[in-house]
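Multiple structures follow.
First subunit A sits with subunit B, and in the next complex the same chain sits with subunit C.
Moving on to the complex of A and B:
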């Protein structure tokens, strides 16, 4: 009976039963929104207080942890200089801090990961040794096994920041994760940790990756020092267009000139974006022997790729294509093509460029304006 | 005669009431979608590391286009902010739109500008360009200043900027805006992350009136204590965080603010650029770009970022607010009229079937119906047809809903970004939310009605001058 009376429908019905329909609805909505207003206000202030408390606790935790590290650990040049007894004493002290509460534990892991990422030299080993002895890996492993994909990604970032080889079995599992962001983060870890089959994703990944993923992966490869770089032309025959594009970019980054014949064959590919990337790559590789092939392709190409061809010919800058570039500059109707041709002329070495510019005195006003704009 | 009276009574008593209920429901639905979308965004970007973008040569270049008309008080700070953004490939194009103050002279002196032979494509017709300046100092090589004749509209200046720009994306902003250092990195992400072509992206705008700014950098963020800026801050939180995020979720976004919007230049040019006769050029461009994409059978997305990336000085006097709001309403009506072909047209999918009708029924018509409702409500009370008790219930019904939506927006803003470090700033916003329906909303309603009146009577509204106060240091 009491429960029934308390249910909102009955309450409203009994309170407003004598009112006209509109007023009844209005009263009901007003009661409902009034409750929500109170709840939202409580939410705002609860969140403020909770957030403030968290910030205070983490600042305190970070301060204490950094003080301990500075006073006891960072006095040494390398991890081997620290006597075992001292190391144990420091780890015991830090363990007490770590176990104070969850905030301290998490802050300790975060501080050490942050220091590992930003410090170099002998500190590297001191930090990773401390991280390991404090058994902070569990925080990372928990994240790697989380049901939330964004936490798995965060865990993967931590693995490579701490260069934690023990976590690699889990990383290998995540290569097959359903979420592409997690898979890409796993590939990145494998590349940065220079694992044996770290480039297998170039032939195994089935889903087209986004430009964002390609940039992240490209950066992982080029930023990893002393990595065992494969011959990227071997990955040009796959079916995943995004990974072919990544391979083409890596061919350029590592100046793998032996890939040029294969790239030339791919100029006949049906995909316009792929051809565009190959044209740009050939220009960046300054492959002198490909000029004729690029010129031959010019008329069949889209305006975007025509511009790219002219730009690449400028980057090659051998002078052999200069007449062709000038011809295209003079007949260009499209602004982008005219600009690429002008840029290509100006990319040529001084003498060649000057000769051509001197011969271009009686051209249209827009051509002259464009040339003046580059000079 | 009795029948007509009955119908009028029916319209006012039932239709307007249930229209209000529908409007409220639509707000709740928007809140729901917005919460989902903001959560998704936060998860995706909470631990993001932008350094690969900073090192990449494959990232798309961005041209920042910032028109300036008599902005001598803020122009140097503004250009400093823009030049110091974190991004590997960008240029800053400032368009001096026929300023009569010393904006151009200040720029020339500060950045060692010299007239350049810069040649550009007149892809969109604009008022004549008098000169283009580049800096002789290599430190400022990213800066281009275009000096043009005043085109009597921001659209004309923006179009001149598009003509001069050389990158595939352009960011439309205002010179007085303070942008977050990572604005370009954050805003370009949807363009390189989505597999469907993104044609435009917007972000949250906040009022900078009480913020502390030093040399173009935002030092401290505070809620304004001034009457008008405080309520506008609330409006911005509500509109940007709740409304636009929800529309972004269903790819129905129709408005990317002129203060911060990143656009695909190719599509913007194909659609014809900004309409220099429009009073709501930002909304009009998005509508036209969307229609162009549908007409050409191309898939696309318009995205929104729930992060506060732009702080702008909002009107602090009634006179400027009146002009701004009247212009916005007139611009809205104008845009809806120009693109009426999209109304309930299945060819335009979400845009034609949902976004466009929503903007007609719940954005453009809302102030008209609200005004009608208020007049009838007062009539009923004054003629004794509505008892005081019923009148109070009806008032509380509308008032409490309005306060609730604003408070939810404040809560969500706090959960999502936590921009205010001081508790009293949030408290101030909460208090403002409680008085806003009575203390500020009637003003906005009046200017909306005025905008509609101007639209129907074809009265021309001058853009006018936004008098700047400058920033607190």
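Moving on to the complex of A and C:
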């Protein structure tokens, strides 16, 4: 192909030898571009054909593997019901299938991981035992060591799904990966597998994480049953704002009331977003003794945080701040503040709320519409 | 042989479920979207219909109503598959006449037991 390109360039040069230099350069660039386009199209076509072939082969492999699993392995309800000799015979059969070629091996690992992820009940231990006996871990390890970040992330999910403790040393290495998605996936695996220092990332991670990462990590913590939950107030002094926000949310999730004094001190933090999260947390913790402090902060806060304060006062709902909430509702010019104040009024217990609503007889039309939308 | 219509997107788990149900003596028909399911219920009476609420083309809830209006399958018990754990949704779905629901990820043994129970009930009633 390169030879062709060179010869066509030479042809261009000889064809255009009598033309001005600019025309010759243009002819060269045009022919070079044309060859590049052709090469790119051939490349795309080749990859499409190759991908199509791979997809067909994987579908075939998946079909055969599912059939084998159904015919021999999933006849049993639990791994303990399978006699050792039978298990060995089944594993031998599956090994033959696995060794057919790389596509079959990878498909077998993928099928077992997929079934482990999407099925519950007694098949769990059959799947993990088969995965281990077939030595399919090497496919996960290959992914963990891949140069593509998305394959490393996929490999990390597989480690968790198969509860593969032997892969943990590689997971610990990936905690220092350059890609934040991979690091977050590694933290998630360590949390879900309840490893010893799984919360160290709250003080070690240097880069600010995205909101999506925080949701993933928060879910990983709260969805892990019987996890050894630390005192999250210890992580409020770090320098990574995103992880302080995550710690605040986890304080709320685990109702760690002992963190309230520290949260109150942080109401003076210079970061507006952090103060916002703390105001929301104090409301969710329904910390009755913080109302005065929140009311004291109201005038110096941004509109967003004013809304958050009113909303939190509503969640605390003690009735002590009701006059303040009504006052802010009546003087509100900002729609979000008015809405938060109305929601705070309606968050109060029935008798307190009714008393206030009855007293609000002569209010502006927009206030009345807002109250109606809540009732 | 009891006929079951499963309305769900194509997946490895469904292929696995299909093979398992066939072994348990069910005849399984798959519809991978709501439109296909609507066509299938016009021609055939099923002993049970298993519907995922999140299917392409026709919303799961809409499909349930269509099945209940269909002369051939109006009495067919419907079971719902869902990965949404909202109480409100489940109460709502059960109130619409659905016989039972299964949360995803599910246990194949449980789903097979429920399908057996519902199809037997439906045969008794018939």
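Convention: the second predicted complex is superposed on the first by the 331 of 375 C-alpha atoms of A that agree within 3 Å, B and C clash if a C-alpha of one lies under 4 Å from a C-alpha of the other, contacts with A are read in each partner's own complex, and residues count from 1 in each chain.
By definition in this document, a contact is a pair of C-beta atoms (placed from the backbone, for glycine too) under 8 Å apart; a residue touches a chain by one contact, two chains touch by 3 or more.
All values reported here derive from a predicted model rather than from experimental measurement.
When both complexes are overlaid on chain A, the residue A:219 reaches subunit B alone and has no touch with subunit C.
Applying the stated contact rule after C-alpha superposition, one finds that A:181 touches subunit B and leaves subunit C untouched. Of the two partner chains, neither subunit B nor subunit C is touched by A:337.
Greater residue coverage of subunit A by touch, when subunit B is weighed against subunit C, goes to B. In the superposed model, A:74 lies in contact with subunit C only, and not with subunit B.
Shared-chain residue A:66: touches subunit C; no touch with subunit B. In the superposition on chain A, A:111 makes contact with subunit C only, while subunit B stays out of contact range.
Residue ranges on subunit B touching subunit A, taken from their complex, read 13-14, 17, 21, 24, 43-44, 46-47, 49, 51-53, 55-56, 58-59, 116-119, 121, 123, 189, 192-195, 390, 393-394, 396-397, 400-401, 403-404, 407-408, 410-411, 414-415, 418, 423, 426, 430. If you check the complex, the residues on subunit C that touch subunit A are 11-13, 15-16, 19-20, 23, 104-110.
Within the complex formed with subunit C, the residues of subunit A that make contact are 62-63, 66-67, 69-70, 74, 77, 111, 114-115, 117-123. Listed in rising order, the residues of subunit A touching subunit B in the complex are 19-20, 22-23, 25-27, 29-30, 33-34, 36-37, 40-41, 43-44, 47-48, 51-52, 148-150, 153-154, 157, 181, 208, 210-212, 214-216, 218-220, 222-223, 249, 335, 366, 369-370, 372-373, 375.
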